[in-house]
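This is the structure, below, for whatever I ask next.
Chain nomenclature is as follows: A, B, C and D, assigned in order of appearance, with residue numbering initiated at 1 for each chain independently.
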Amino acid sequence: MAVRTVRIIVTLKPGVLDAPGQAIQKGLDALGHRGVEKVRAGRYFELEVRDADDLEQRVREMCEGFLANTLIEEYRYEIV
Amino acid sequence: MAVRTVRIIVTLKPGVLDAPGQAIQKGLDALGHRGVEKVRAGRYFELEVRDADDLEQRVREMCEGFLANTLIEEYRYEIV
Amino acid sequence: MATLDPPAAVAERAASGLRPSEYAEIRRRLGREPTRAEIGMFGVMWSEHCAYKHSRAALRRLPTRGRGLLRGPGEHAGAVAVGDGWAAVFKMESHNHPSAVAPFHGAATGVGGIIRDILAMGARPIALLDSLRFGPPDDPRIARLVDGVVSGIAAYGNSIGVPTVGGELACAPCYRDNPLVNVACLGLVREERIATARASGPGNAVVYLGARTGRDGMHGAAFASAELGSDPQDRSAVQMGDPFTGKLLVEATLEALATGAVVALQDMGAAGLTCALAEMAARGGVGMDIDLRLVPRREAGMTPEEVLLSESQERMLLVVRAGREDDVLRIARRWGLAAAVIGRVTADPRLVVRDADRTVAALDPRALTEAPEYAPPAVPPAYLREARRADLGALPPVAPEEALLALLASPAIASKRWVFRQYDHMVQTNTVVPPGADAAVLRLKDAPPRGLALTVDGNGRYCYLDPYVGGMLAVLEAAQNLACVGARALAVTDCLNFASPERPDVYWTFQQAVDGIARACEALEVPVVGGNVSFYNEAGQGIYPTPVVAMLGHLDDVRRHAASGWTREGDLIVLLGAGGAALDGSEYLAELHGVVAGRLCEPDLLASARAVQSVREAVSRGLLASAHDCAEGGLAVAVAECCIAGGCGATVSLRAGSTAPPEAAGRGGPAERLFGEGIGRFVVSLRPDAVPPLLALARRLSIPAQVIGTTGGERLVVGVDGAAGRPWIDLPVASLRSAWEAGGLRGRAAAGGARDDAVG
Amino acid sequence: MEIGIVVFPGSNCDADTYHAIREVLGRAAQYVWHEERTLRGLDAVILPGGFSYGDYLRAGAIAATSPAVRALRPYVAQGGIVLGICNGFQVLLEAGLLPGAMQPNAGGRFRCEFVHLRTERSDTPFTCGLAPGQVLRIPIAHAEGRYYADPGTRVLLAAHRQIVFRYCDAQGAVTPDANPNGAMDAIAGLASPSGAVLGLMPHPERASEDVLGSADGRLIFESLARWIYSGRRLPAQSVEAH
């Protein structure tokens, strides 16, 4: 069966403090990179998954149940 | 001046040990998600940057000098 | 047997890093041209990092005998008896080059590597120490490097569950492009269960255990044996650590050893599988027959050479009794580790490496392990004559209070809390004295009330000015630090960081430093049980000669230890020891005047040993409320540190001496008396009624002792006996503390948060 | 009496906890392998600190998928009591046995140091030997200990008195300076409404002997032993985060 690549990006929900993002912004600033007004930090996953009719449904399950903590994080995905 | 959103994904170069990816794959397996053949874990950054003529050049500099360690990581970006 | 692969091509020969004379020697030993795999194996095994080609002769100078020594150099780490049948295994190693190019992963894998050295002795790793050198931290690039290294050590040590209980950190411009990252590890094992790396028993299985082999970390040993350059070849040398797998490997290995099925074992560190195969076979005088196809791999399409030379982390090689392989494989499965029998021990001392039906190497393993030894020329560096002349009279005046605050904020002296707070220093619940003291103290859970103490010390600036004296001072300072917590020195391990040994002036400093370390260890009667040499540290200008010494000590009763802070009002402060105080090579000259110069005076080793003994005895007899040695920054910094540590002030009054104004830096002047450095001086505090027994003890050991003040109040006041007018120093303890704490955070803001670790 | 200590791959405070219970407290303890599917017969279960599965996703996330953790729900439903220490707390959150989530510490770094805790509730199996308001000195050691819950949950936490320990200063005052990681409401210890499940960021097993600088953590284990010994039982309950 075909294998599909799934790209998932998980970021903090708006309103949840993004301390790593802020630290990175400071770091860029200290290195002299001006004009960076905001940084959001997140996680990226690239999955190779065997194709199935319910692939999209399964990807959502993986995200909600595991890859993202939906209490504080949101996710988006792309199946290629 | 206009502010542009830059999306950056940093992943380990192929061949470099991806311990997080391996652990996450095991976790998905334990949860009964069959058919996941590979997981790559990476980092995601979303920057709001003031536009400039050399924006692309500057994004590359931020990636090479700070956001990614190009010895072991590769990055891709998208300016929206 | 299948036929041997054809000889290596000329290009492969060239890529191996071997010299023409070495290649000729290999041909002579083999009686033929080496194969492609063999040339690769020789290339790594005869690299400086693995073979100690330039250092072996000098290292023989180090004393390796001593009370309680169970295993000296030769195995992975030395072992000393610590009582009740327990042995301590102790070793230090450098990870300088990898940390320069990938601070986080370089430092992390350094921790993993030294932990597996200890594990290879059959010991459970129980503590880590880190010794770090960087360029000046005010530069954001350096701040990031520091941050990456500290985070890497934290990430690996914390996750694998071995506490980092102490260390040191200093900065100087010479380390700007070539930081030093040295890590020491201590392990514990029952004496009768110390493991060996000596393969034996023809027919026994050679078992691979741990992470799968990938292409990462190719040529790491060769990398550590060359100068850091901009060569993109450097890039393939970075290894990635996985502390999670490292932890599983520790547990699985100890469990496997407990079954009694394991005959010998070794970690796959530098030079990977090649080194483990060759060394285990050579030590045992046996051979091995190995099939590389059986090696668990992470990637498809790896060549035999890649499998042989990969430096993938978290792997061990075990020799397992024939018929008991399953005992080990079962344990590996339970812990989720890859494991496989990849070959057998043979009686014939030949290492035969096959790749299915091809034989890629077939040679006597000793040919690989007995690398040529070089005795390079050694001449004193030209800079010495100039550097040893320090014209103190010409220095601009600095007020003592200003100098004290600046010294407290200098990276070497300032608070390291921001560092060790990131290290789990309590896991395993043995830490009695955490980082922040002169030495860390651990209890021995299984042999109460015994304890162990650990410290790591070295001063590159001293060694730059006089490597022989500098080497001695590193050892003495370590012994002093142990004495301050009440421990008796048991063993030393060292890490010798130098530039290229092929430069005669560098080599001279190396020999001198080794000699100095040896002399001091002999005087203290402490054996050097192991260590590591890191050459070619010369990115940029070349580093100071930087030997670093880690010392292990023993306490009969761990509850009888001391700390440096004064906590009680009304105690008397005594200065113990005969050491002089000079500004030559001092932190004061470097920090306040940007001068690295002076002539170090050679310590009186026997007097130093007696001073160390007096303090240790005083602590273990319970005479002292606190003990601290005078190190960087001299007496003034030492008393300030005691104030800060205990949160209590003091009034100190020195004997009247020269009449120079307090700002002057001349010989014998106030600056020298306050900030001059010199080994063999301790500041202790005690109840007035304990002073007579202390003085009696000092007299018995012929150690000068002098009451110099009283604890109490909220200020530190340092003046001269009978002098009128304002004292030299009169500052609130709170100001001392804030200078010291702020200094610890210098450059920190610039570090930011994006690191080269994978997730989050 | 038998206390089970779950061992995950990557646990590193399992042996410390075992030592505290066996050698310090003198009570029976046993290790429970993470693949165990039932926890029957155990008087209490402890999820120890460490880096389960390397904590490579979010801390505790992978361990939450293990059979032993999935067995916690029925175990608690039948009256069992559970203590999650540090990584164990993170696992309990990820498994939904306690509400909320952990985020990286406010300073962005791992922090290992002694802190003070104020006891907010002393009617749980783990605090029954403590007085309300009692201040304990116990170390923390974590990188992700910044507790967060959404506003709705926060209201429920208060309503159900789920906050058991808060970070405070030596005098017991809850101040921003005394909060080492930026945790919401200075939460250091959080329980299910009945008190049967407690998540605790600090490490009581590291402060159970004077020689280690504090024996305050022992009071938590002694409470647990007393609770079990007295045969007290919590009513069987539904195991929801609230």
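Worth pointing out:
Keep this in mind: a contact is a pair of C-beta atoms (placed from the backbone, for glycine too) under 8 Å apart; a residue touches a chain by one contact, two chains touch by 3 or more.
Predicted, not measured: the structure shown is a model, and the values here were computed from it.
Common neighbours of chain B and chain D under the contact rule above are A, C.
The greater number of contacting C-beta pairs, out of the two interfaces B-C and A-C, is seen for B-C. Once the centre of each chain is set as its mean CA position, chain A and chain B turn out to be 10 Å apart. Each chain gets one centre point, the mean of its Cα atoms, and the points for chain B and chain C are 35 Å apart. Separating the centre of chain A from that of chain C, both taken as means of CA atoms, is a distance of 40 Å. Separating the centre of chain A from that of chain D, both taken as means of CA atoms, is a distance of 29 Å. Of all residues in chain C, those touching 2 or more other chains are 242, 244-245, 336, 752-754, 758-760, listed in ascending order. The set of chain A residues that touch two or more partner chains comprises 19-20, 23-24, 27-28, 31, 41, 43, 66-67. Touching two or more other chains at once are residues 53-54, 56-57, 61, 65, 104, 108 of chain D. Taken as a contact graph, with one node per protein chain and an edge wherever two chains touch, the assembly is complete, since every chain touches every other chain.
The touching residues of chain C, when paired with chain D in their complex, are 151, 154, 158-161, 242-245, 247-248, 335-336, 420-429, 431-432, 434, 443, 445, 558-559, 753, 758-760.
If you check the complex, the residues on chain A that touch chain D are 16-17, 19-20, 23, 66-67, 69, 71-72. Interface residues of chain A, counted against chain B in their complex, comprise 3, 9-11, 21, 24, 27-28, 31, 33-50, 52, 58, 61-62, 65-67. Across the complex, chain D meets chain C through its residues 9-10, 12-13, 15-16, 19-20, 49-51, 53-57, 104, 108-113, 139, 141, 143, 203, 205-206, 208-209, 211-213. In the complex of the two chains, the chain C residues touching chain B come out as 101-102, 104-105, 211, 214-216, 234-235, 238, 240, 242, 244-245, 298-299, 312-313, 336, 752, 754, 756, 758-760.
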